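I have placed the structure first, in the form of structure tokens, so that the comments after it can refer back to it.
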Amino acid sequence: MIQRKNENWFRMLFIWQGSVLPKILPRLALLFMFTVAVVYFKNDLFYKIPLNPAPFTLFGIALALFLGFRNTASYDRFWEGRKLWGALLNDTRSLARQFLSLSPYERDSKETTAFINLLIALVYALKHQLRKTDAGTDLYKYLDANTALELSDVHFKPVILMNKLAAMLKEARQKGEIDSITLVAFDQNLDKLSDIIGGCERLASTPIPYTYKLMLHRTVYLYCFLLPFGFVDSLAWMTPVVVTFIAYTFVGFEAIADEIEEPFGLEPNDLPLDTITRMIESTLLEMTGRPMPEHIAETGFILT
Amino acid sequence: MIQRKNENWFRMLFIWQGSVLPKILPRLALLFMFTVAVVYFKNDLFYKIPLNPAPFTLFGIALALFLGFRNTASYDRFWEGRKLWGALLNDTRSLARQFLSLSPYERDSKETTAFINLLIALVYALKHQLRKTDAGTDLYKYLDANTALELSDVHFKPVILMNKLAAMLKEARQKGEIDSITLVAFDQNLDKLSDIIGGCERLASTPIPYTYKLMLHRTVYLYCFLLPFGFVDSLAWMTPVVVTFIAYTFVGFEAIADEIEEPFGLEPNDLPLDTITRMIESTLLEMTGRPMPEHIAETGFILT
Amino acid sequence: MIQRKNENWFRMLFIWQGSVLPKILPRLALLFMFTVAVVYFKNDLFYKIPLNPAPFTLFGIALALFLGFRNTASYDRFWEGRKLWGALLNDTRSLARQFLSLSPYERDSKETTAFINLLIALVYALKHQLRKTDAGTDLYKYLDANTALELSDVHFKPVILMNKLAAMLKEARQKGEIDSITLVAFDQNLDKLSDIIGGCERLASTPIPYTYKLMLHRTVYLYCFLLPFGFVDSLAWMTPVVVTFIAYTFVGFEAIADEIEEPFGLEPNDLPLDTITRMIESTLLEMTGRPMPEHIAETGFILT
Amino acid sequence: MIQRKNENWFRMLFIWQGSVLPKILPRLALLFMFTVAVVYFKNDLFYKIPLNPAPFTLFGIALALFLGFRNTASYDRFWEGRKLWGALLNDTRSLARQFLSLSPYERDSKETTAFINLLIALVYALKHQLRKTDAGTDLYKYLDANTALELSDVHFKPVILMNKLAAMLKEARQKGEIDSITLVAFDQNLDKLSDIIGGCERLASTPIPYTYKLMLHRTVYLYCFLLPFGFVDSLAWMTPVVVTFIAYTFVGFEAIADEIEEPFGLEPNDLPLDTITRMIESTLLEMTGRPMPEHIAETGFILT
Amino acid sequence: MIQRKNENWFRMLFIWQGSVLPKILPRLALLFMFTVAVVYFKNDLFYKIPLNPAPFTLFGIALALFLGFRNTASYDRFWEGRKLWGALLNDTRSLARQFLSLSPYERDSKETTAFINLLIALVYALKHQLRKTDAGTDLYKYLDANTALELSDVHFKPVILMNKLAAMLKEARQKGEIDSITLVAFDQNLDKLSDIIGGCERLASTPIPYTYKLMLHRTVYLYCFLLPFGFVDSLAWMTPVVVTFIAYTFVGFEAIADEIEEPFGLEPNDLPLDTITRMIESTLLEMTGRPMPEHIAETGFILT
């Protein structure tokens, strides 16, 4: 995900990186050339095509309305994804704080270390599950070899890791280190964790209904390639400029909506899961007074 | 529910499957032919009809606004349905985790097996209730014959199954296996389960007010069949193309809104309840270390 | 509330029942005749009125936007009302389940029967309070004569019935049948019940600000009766058709918004409180294994 | 807040009271006279002003969209204010019910009376804080002189009263009348009360960003006073009628949005805090079997 | 953040301070001069540019729709930021109330003072973290030198301060001053605090996707600088007035959306974090009967 400070209003007009232009430029170029051809052959090939701006005004506004609906739905998904990963930060912090203050274990005890390691491994496992990448290496950093190996055969890795957190607490209860009341307090934050994991899976597995996307995609492009015929009579040689400008917005909006709709992907405007993961890792380590690992010290980890 | 990877922007223009076109094509064809007739008989039958694009522009935009409202309402229902089934996944996982970590029963004890079986049966029962299909066969897989038989006479099957979960916990409490605090922790997740079941019933039983649908349906079609008269003078033989293109969007949007409005149905864009059910089944079995049944191993179960 | 299966797209165009037409037809007829008069006297009485479609296009779209806002607000109220009654179903089920599994009383004990009866009476009392109808007869079905009589003098009947539920639980606590932890678990669901009752009262007592409704109502009708003058020059004898068609949508949308805005009323598109009440009644009776009363057996009770 | 039954659709067109007209009529009259002057001097003073409807159509629709955004934001604030006061009703009822059923005190004990009195005083104190009026007299009705006097120096009166509720419960705990579990159950409802009080303060202290209001206000009036020039050529003597009609909606909508934006004020469309306060007072008194005070018996208190 | 009483509708038209004008005036002046040049050289340099209002109407409305989407997203962020700081007020009050009523410590004990000081320091630390300013001085006011020094090396200061609150409670539990049930009640409000801190970090670290902003920014300015060519033929010397007026709204809306989008900043329309911080400080001090510090007495602290 690209983050830049707001620049001067004038300079912002010429920014290339982080813009949707690189993606849609070829299509716009094609449309531009097509429009030039329409203008050139106007009195020739196309002289019989009786089109004028009226239906395009009506249709363009209707299309903008439907695109607005699509954008809102996509942005809501983006923001829900961000909220879920924000909740993951909050909830792992809460579980860490509970382990420090509700259990009798010290900050540097091996139990605390193991609990925190499970939490961090869970976050990595969730990231890899959502991106369909291999969790292997990252899990070995925070889990012992046996557990990491056992997880490699498992489909829902974060859920199984959550079960391991619960098992640690059950053991503490059975040893009499914590009472039922405390165990249940942990359990409520595990419930929240379950909701977060499931929420991410829901978002990743259920896109916006495909027909919506298909229909809007088709309508946007068909509309843009019909536009030249509607304006060529009145705008003459300005037609390519105006048509490309209008298409830039319609096509661009559709392209952005398409990109942020799957917030867990790897496209430029998707959520910065790597940074958030590192941020969770570092805040949990800081809470328990452990040193930052190299890969964080190198890249920096502060998101805010 | 159809899920496809986003294809190349150009190829997407020609996709047939998963599009709303198969459904609305006959209507569009009818409209196309009707428009051709209007163009053909323009100077003949219809020469006296004094219509022009002005009222159609005004009305088309108003119609697009009202359709936008309908789409938002339908999509919200679709997404609420998905959230409810996502919550069902989360809550059944939480109940399973609680049974593993708050009760003294082992992962492979007969109590755990019975508890998990009740949870899976409940999910199947809910799916069948919402689709008004027969739960019989699926219930026999996870319930003993007596319980399955007893359920066949019952109207609200998932509720009765939830009561059986509660009864198991009451028994554990009476045997002294769990204390009051733990019982209440389970009870709170049963409350959530009750909210999910009732939420699904609410969505399934209360459609968008029928008058809304009726009025929009009527207005959309009446509008499309009046369009040719408004544009025939200025667009001449291009009228059928333009009218059909505009109608494609209006009629298509109305058709999609109609389809996703009842998310628990069996139309192509409805929720994939079968897959979600299998996913819940497999994650609960994995959590308790039980083998996957054949019907899952065959079809695969990973939604994400 | 009218519920029908979606019919064939073509037949839906001619449905009368459940449509808003019966309500607005007289007004549309009046407008139609008025427009005919405007067309007829165009060169006579009105020949000096210099109006054209331009201001009506601008204004019609603005009006559609404001109507869209009104519709969203009305529909949100409708859906919030439905959610509250859905929550009432969920919460009464949860309280019933708690009484069965957290208290020592058997399913057919007189305590269970009394508790369930109080719950059902509360639902009836709420329905009558929201509709300002007399709860008398319905309360006598599930309460003993003394309690029913005592309630007749009370203003907030559901609240007092909720207090009686709480009093039963206090007694059980004082007898030592349940402990503090369990009592508090019930208490949390009583809190939810309190929120539901108060939520319904809020919705019923606070309409959309009256000025909004007044302004939109006035603007819609004034707009429709000015429309003929704007289009008579260009549309000639088609003016009545076009004006009535446009008015159908504007007037119709306003009328529907007006109807669903008070979801607890008795108009055709209001919430089916009678059916939902019967559904709650029957599910609570089924949970405790009691037979369905006659009035349910007769009319059927399944909403889903 | 004005509440009236929906009248006949025809009579609603002529209602004066409760309409926004009284407020904006002078401005509309000014605009009407200005437009008459523009028409009258058209060929004289203004004959050189080259304006036509095109930019006004474009701009009017954009303006309607931005006004729609403002209306939604204002209405959301209105409805959030109403929800907060609805939650106040629910939560005070819940606290009263808890005091009756979780504590050992009888309904007519002096402890119950004192607790309920504190709750009612808190509601009055919140109303006065939000309206910046003097709480003095109302507090003396339900508090002893000492407490009332002590409160007069306090800035956040409802918070201090909430602390007094908590102190009563702490005392009961220290006397052994209630146990820790019960104390915490009360405490959770005090948390909710804290959220409600703070929510009201947030709404009252943070208006919609002032620049938004300023810009829309300015644009609406500038637009309306430029309108005559755009339409005078085509509409001639009808210009004042059409311009005033369009302005009625734009100016009216802006005025309503301005009014309901601060829902705790004293304008006609603000929330009926006096009635809601009396309703809470009466329902709490009814729950504890106390007689209604005179000021309620006189004015009636039923909101529903 | 600027707060002013609503002034007379007429005087509001001429307000300068608190308006977006100071910011965008240079750009509007540039556009005005550019438009004057276009008008002046119309028959000269630009006589061949064939543009008319039609495409600008279509495009202007589409642009207004997309700007509406951007405004809603920005305003939602602003309001979410405000809600988070409102929740911070509520939650710190709740924690203070719990310390007063659930723990055995007196209002003026050194434990209470230390607990409240930690809460206030946490609020200051959060404000400084969000604004990337130095928390140093403010922390020394409420923390002993050691703790303040220790914090200076820490990245997530509010989280570490929350841990210190938890550590105080753990100590009280270990001394037997509070029981498990009470400890867990505190813990739930610490969970909420964790959610608030993380929510603020999420809002501050994740802006609206940069491409959205870039595209809208570009489109708005490009549109405004093309407008003169579209209207110069029909509006002649009025073009600069009309174009600047339309641009004022489009450019102004974009500028406001840009400003409130980051609600924790220091621009005129951002949230008044300083005032809210002082308000929390003063309400917590009032709750525990401590005198107001000088910096509050001087500037006043009442937000409501």
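For reference, chains read A, B, C, D and E in written order, and residue numbers begin at 1 within each chain.
Convention: contacts are C-beta pairs under 8 Å (C-beta built on N, C-alpha and C of every residue); 3 or more make two chains touch, one makes a residue touch a chain.
Remember, predicted model here, so these are calculated numbers, not experimental data.
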item: Those chains which touch chain C and also touch chain B; value: none
item: Distance between chain centroids, defined by C-alpha means - chain A, chain B (Å); value: 24
item: Distance from the mean Cα position of chain E to that of chain C, given in whole angstrom; value: 38
item: For chain B, residues contacting two or more additional chains; value: 57, 61, 63, 65, 68, 72, 181, 184
item: Topology of the chain contact graph, where touching chains are joined (line, ring, star, complete, other); value: ring
item: Round-the-ring chain order [start: chain D; next: chain E]; value: D, E, A, B, C
item: Residue ranges of chain A in contact with chain E within the complex; value: 1-4, 6, 9, 12-13, 15, 18-20, 53, 56-57, 60-61, 63-65, 67-68, 71-72, 75, 78, 82-83, 86-87, 89-91, 93-94, 97-98, 100-102, 179, 181-182, 184-185, 189, 231, 234-238, 242, 245-246, 248-250, 252-253, 256, 259-260, 268-269, 271, 282-283, 286-287, 302-304
item: Complex interface listing, chain B residues touching chain C; value: 27, 49-52, 54-55, 57-59, 61-63, 65-66, 68-69, 72-73, 129-130, 132, 154-156, 159-160, 162-163, 166-167, 169-170, 180-181, 183-184, 187-188, 190-191, 194-195, 197-199, 201-202, 204-207, 209-215, 217-219, 221-222, 226, 258
